[in-house]
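Presented sequentially are two complexes of chain A, the first with chain B as partner and the second with chain C.
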Partner chain A sequence: MQGKNLQGYVFLSPFLILISIFYIAPAILTIVMSFSNLDGSFIWEFVGFENYGKIFKDPNTFLILRNTVLYIVVSMCIIVVLDLFIATLTTYFIRSDGWASFFKSIIMIPLITPSVVYSVLWIWYLDASDSGFINNFIRLFKNDFISVNWIAKYPFQVIILAQVVVSLAYGAIIFSSAIRSIPENQFKAAHVDGASEWEIVKTIIIPNIQPHIKFIIMWETLGLMTNYLNILLITNGGPLNRTEVWALSAYHKAFIDQQYGYGAAISVLLILVVFMIMLLWMFASKTRVESEE
Partner chain B sequence: MAYQNLTQSERKKQTIAIAVMFAFILPIVFMFVIFFSMAFFKDGSFTLENFSFVWGEMKLRDQTTIKSMLPALKNSVVFTFGVTSSEVVISMLAGYALSRLRFVGRKTIQTSLLVLRMFPTLLLLIAVLYVLMALHIVNTLKGVVFVALAFRLPGSTFIIKNFFDAIPRDIENSTLVDGCTRFSGFRQVIIYLVKPGIVSIAVFSFLSAWSNFILFNTLLFGNKTPVVATYIRALTRNEQMIAPYSVIAAMGIVYMIPVITFFVITQKQLMEGNIGGGKGTV
Partner chain C sequence: MIEINNLKKVFDHNVVALEKFNLRIEDGQFIALLGPSGCGKSTTLNCLAGLLDPTEGTILFDGKDVTKAVPKDRNIGMVFQSYALYPHLSVLDNIAFPLKQKGVSKEERYGKAREVANKLQIAHLLDRKPAQLSGGQQQRVALCRAIVKEPKILLLDEPMSNLDARLKIEIREVIKSIQQELGVTAILVTHDQEEAMALADKIAILDGGEIQQYNTPDMLYECPNNLFVANFMGNPPMNFLHATMLDATHFSLGGVPLRCAMKLDTELAGKQVKLGIRAHHMSFVFEQDEDHPLSMQVRLVENLGKELLVYGTVGNDGLRISYHDKSRYEQLKALAKHKGYVYLCLGTSYNVFEMPGGRNCVLF
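And now, the complex of A and B:
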């Protein structure tokens, strides 16, 4: 038995070493840091719950919290609805595999575009200067149109749109492989009974892929909650904190203001929320999480 | 499902659906095509001048110069190769052990794998910076490789473990009977059976390493080790574009050539819904 243990850990050693130094240790350190006022000078001084108190006293906290909730809820709803729409069209209505995979690969392009390039695309699209695409496009039809700085005017809508476009592919592919596994005779029976297409979507497709819908809702919520990359690159939280979300504010506090302790405290609160969602998910799904994919 | 024999009404519905999907993807396609086609034009005529940053310094109209992309390209290639190859090897060893070997603590590691692969790693960057400082590998490419690997390993180990789980135990036992050790059996037989799994983790690892931005942005400073992502980012701040869009589009094309190539070759793997480890994790 001793030898067996050793064998297992020999195979696992590179994995365990890397994970513990660069993943587990930082996770523990984040919690420790959140109780200190560590800053750019890197002197440890523990201050108890001061950082957490500071979060609640910060006048911006309420705005950031509101932005975060709004951003997650609105984006998630749009993503799930559009995913269902795309998956139903490309799997149920479009029966030709060639067309279906053509559309799915187009939808994957934003996902595989590096975010540094993807963000420039949006900035160019909505630019107020002469090179901005949308402004020029409108001017084709309306000569006297005065350029609008779309990102400054509608920052929140812009980041939601940019995030939705990039998130579509994942859910659409999961849903469409789920729809594909629904037995064909269910649809045939419904047709014989004279059901309309809308009824088929409502009573056959959606109930059948319900576990996948739940999974995508959970997955996208976690992603939107913690992945601030597109917001950072397109609006950087601005103008005037209008697009600042919780995760991005931790980044700003730590890496721009050098308040590492405070940034860590903001992160810890978010990590607690993430853990609660993950626990809820594990309890809610009777089937194991693995089987969802 | 058999799709061959469509009735008249099914065919009509398919045509409508194709038209709707076209209308849906048109704005996205438009956006990408027009943006990247700008790279080939200057003052309205076709040119490759916008690509001159690849091999040397480039002078812009307002007299600013852009440094050559070559050092950044080199660093990106080194980083991507380092991460992808180590990730494949390490996650295979770990995935095999977790799937096949019996040892104390196996269940615990399996459960923590599930948590680790969903954990928001982006929130740990503050502490990661501190760990790199303590180990004296801060602001080096090596340090970022370690971090990228650690963040991605739970996801890819999980994927490859599922592939190992699917191999019948008899095949493995027969390698042992035939005189292989665990390790030589692994090297000579098992590896070939999980090839699709290897391809799938390699693809996701490549895509995420090559397009990574946030790790370089936070863990490398002072412009000492540029990579393509930070090189492009330095010219496209939120407040103001330093280079004209046509040059940025050209840079985007150079940056995306490997991605598109990989995408076309491995499209099938990507479509099969194994994207789990790819999105949301750095």
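And now, the complex of A and C:
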């Protein structure tokens, strides 16, 4: 057994080394950086908690925090509900494998499209000018329609919509395979017992895939917290910070304003929150396993 | 009364599960659908439950056509092999679930659930979750759930297949007594002939989507219609011996001409037949004489406690014979060791199957 353990460690060590170099070291560097006022001149000068203080004094912080929470909660709720809806439809109601996988392939497309291409598509769809797709499209039915600058008018709705469409596929596929693993006889029994389809969704499908729902909620929360690429490309946080979220603001402070120290401090707070959520999750799943025993 | 008329079920890729399937079941009877896997017995049950739509044919409950009715409108209860309890509901909620779907008030449905739970001796388990119960307890809960809404028909889909031998017998008793107490019509699907014999008033033996024989267990055991039924019923299985009919009343077995003890319904002279003889209907002696000309080579002997089971061969046919004189155990063991011979007595009760069709030609 001892020899076998050793082998395992030997095989794992390249990954541990890689992760140390490319993830843990930068993380530590970021934490160190957050206590300095490093800027474009690249002079390390430690200033203690000054950066953190600055976050709390920044007049935009509250707006950004509110945006972030709203963005995460609204997107996550829509994603989870739609995922459940799609998974139930494609796995439980549509029993034909062909149609179900066809539908699943379609919702996969946004996920596998590079973000830049995807965002350009959105920008083109929503373009303010008369050549914008949506503006053109509406004009087909309504000749006197005056072009709307969709992104400027509804920036928050746009980024949520864009994010939801990208995120759908992952959860829908996880849920759909979870539904597939529910023993067929439970559905049969429920039908014989006289349960309606809604009752079946409520008392059989959802409780059975509860662990998967929790996982997707956590997964999407972490993803929405740290991933700002679509927002950066579509609205870049604008107009007037209306779609600026926490992670994006770290990027803006560090790379646009070249306040590396300040950007690092914002990131560190984010990492702390992510870390806490993961701990909470681990704690929750541990107690669940114990209570089941 | 349940009537199944000309039922046909074809699955995807033209797999025919049932064809021209007819069955009549009287009220309050216990019926078993018995057959090997793939014979169509579960398909029949699922069609009765309304979980599968038949391709053709009709199903009538008390003269009313329910072929297109959804399961909840058929007044049935169903028990599954894998119990199919709802894992996140407590035992009490599991049992009360069908009543909840009917809109029965909370008080009343819990009251009824407790009542049936008492009847099946699981009242002390009501607060638990299904995962905390043993297989036998889970199947009792499933039975409670099936009978709580007082259905007219109880469908049992291999309810004992997941249980070990001792629990099987226990649940068997529970099912039988509850069925008699409620007077409900019960239909059991099983591949275990012993289970079917023990429980059913009548057994339908299925093979290849068709009923081979539909009769009382005793008739199936004693007077099988054909080779398939004979092969399926009884443990140890029936012995089969290849023979050739010489004339209406004699056959040749292993080169030895013998008189046929059974009356046949047709003239088989010159045809190949298979004799089917139960292990306890035949016997043997140790010395060859005029009445016992046919020899069997002894291969093995087992002491079953109440009797001996002797294995041997006549030509290429293997035989099992129950032998009651246990004092001969050592002698038979010695014979088996040296591949010695005993001399068969075929008895006066056996079946003659016409080959290759396999129809039983004995006139009962």
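As a convention for this text, the second predicted complex is superposed on the first by the 269 of 293 C-alpha atoms of A that agree within 3 Å, B and C clash if a C-alpha of one lies under 4 Å from a C-alpha of the other, contacts with A are read in each partner's own complex, and residues count from 1 in each chain.
In this section, a residue touches a chain if its C-beta (ideal position, glycine included) is under 8 Å from a C-beta of that chain, and two chains touch if they have at least 3 such contacts.
Predicted model, so just to flag it, every value in this text is computed and none were measured.
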Partner chain in contact with A:250 - chain B first, chain C second, else both or neither: first
Chain B versus chain C as contact partner of A:258, first or second or both or neither: neither
Chain B versus chain C as contact partner of A:173, first or second or both or neither: first
First (chain B), second (chain C), both or neither touched by A:278: first
Chain B versus chain C as contact partner of A:207, first or second or both or neither: second
Contacts of A:117 with chain B and chain C, given as first, second, both or neither: first
Chain B versus chain C, judged by how many residues of chain A each one touches: B
Touching partner for A:147 - first (chain B), second (chain C), both, neither: neither
Chain B versus chain C as contact partner of A:37, first or second or both or neither: neither
Chain B and chain C footprints on chain A, overlapping residues: none
Residues on chain B engaged by chain A in the complex (per definition of touch): 1-3, 6, 10, 13-14, 16-18, 20-21, 24-25, 28-29, 31-32, 34-35, 89-91, 93-94, 96-98, 101-104, 106, 109, 114-116, 118-128, 130-131, 133, 135, 146-147, 149-151, 153-154, 157, 162, 182, 207, 210-211, 213-214, 218, 229, 232-233, 236, 238, 241, 244-245, 248, 251-252, 255-256, 259-260, 263, 267, 270-276, 279-280
Complex interface listing, chain C residues touching chain A: 46, 49-51, 70-72, 76-78, 80-89, 97-98, 101-102, 131, 142, 145, 149, 155
Touching residues (chain side chain A, partner chain B) in the complex: 4-5, 7-9, 11-12, 14-16, 18-19, 21-23, 25-27, 29-30, 33, 38, 42, 86, 89-90, 93-97, 99, 101, 103-117, 119-121, 123-125, 131, 133, 165, 167, 169-170, 173-174, 177, 180, 184, 197, 219, 222-223, 225-229, 232-236, 238, 247, 250-251, 254-255, 260, 263-264, 267, 270-271, 274, 278, 289-290, 293
Residues on chain A engaged by chain C in the complex (per definition of touch): 183, 185-186, 188-196, 199, 203-204, 207-208, 210, 292
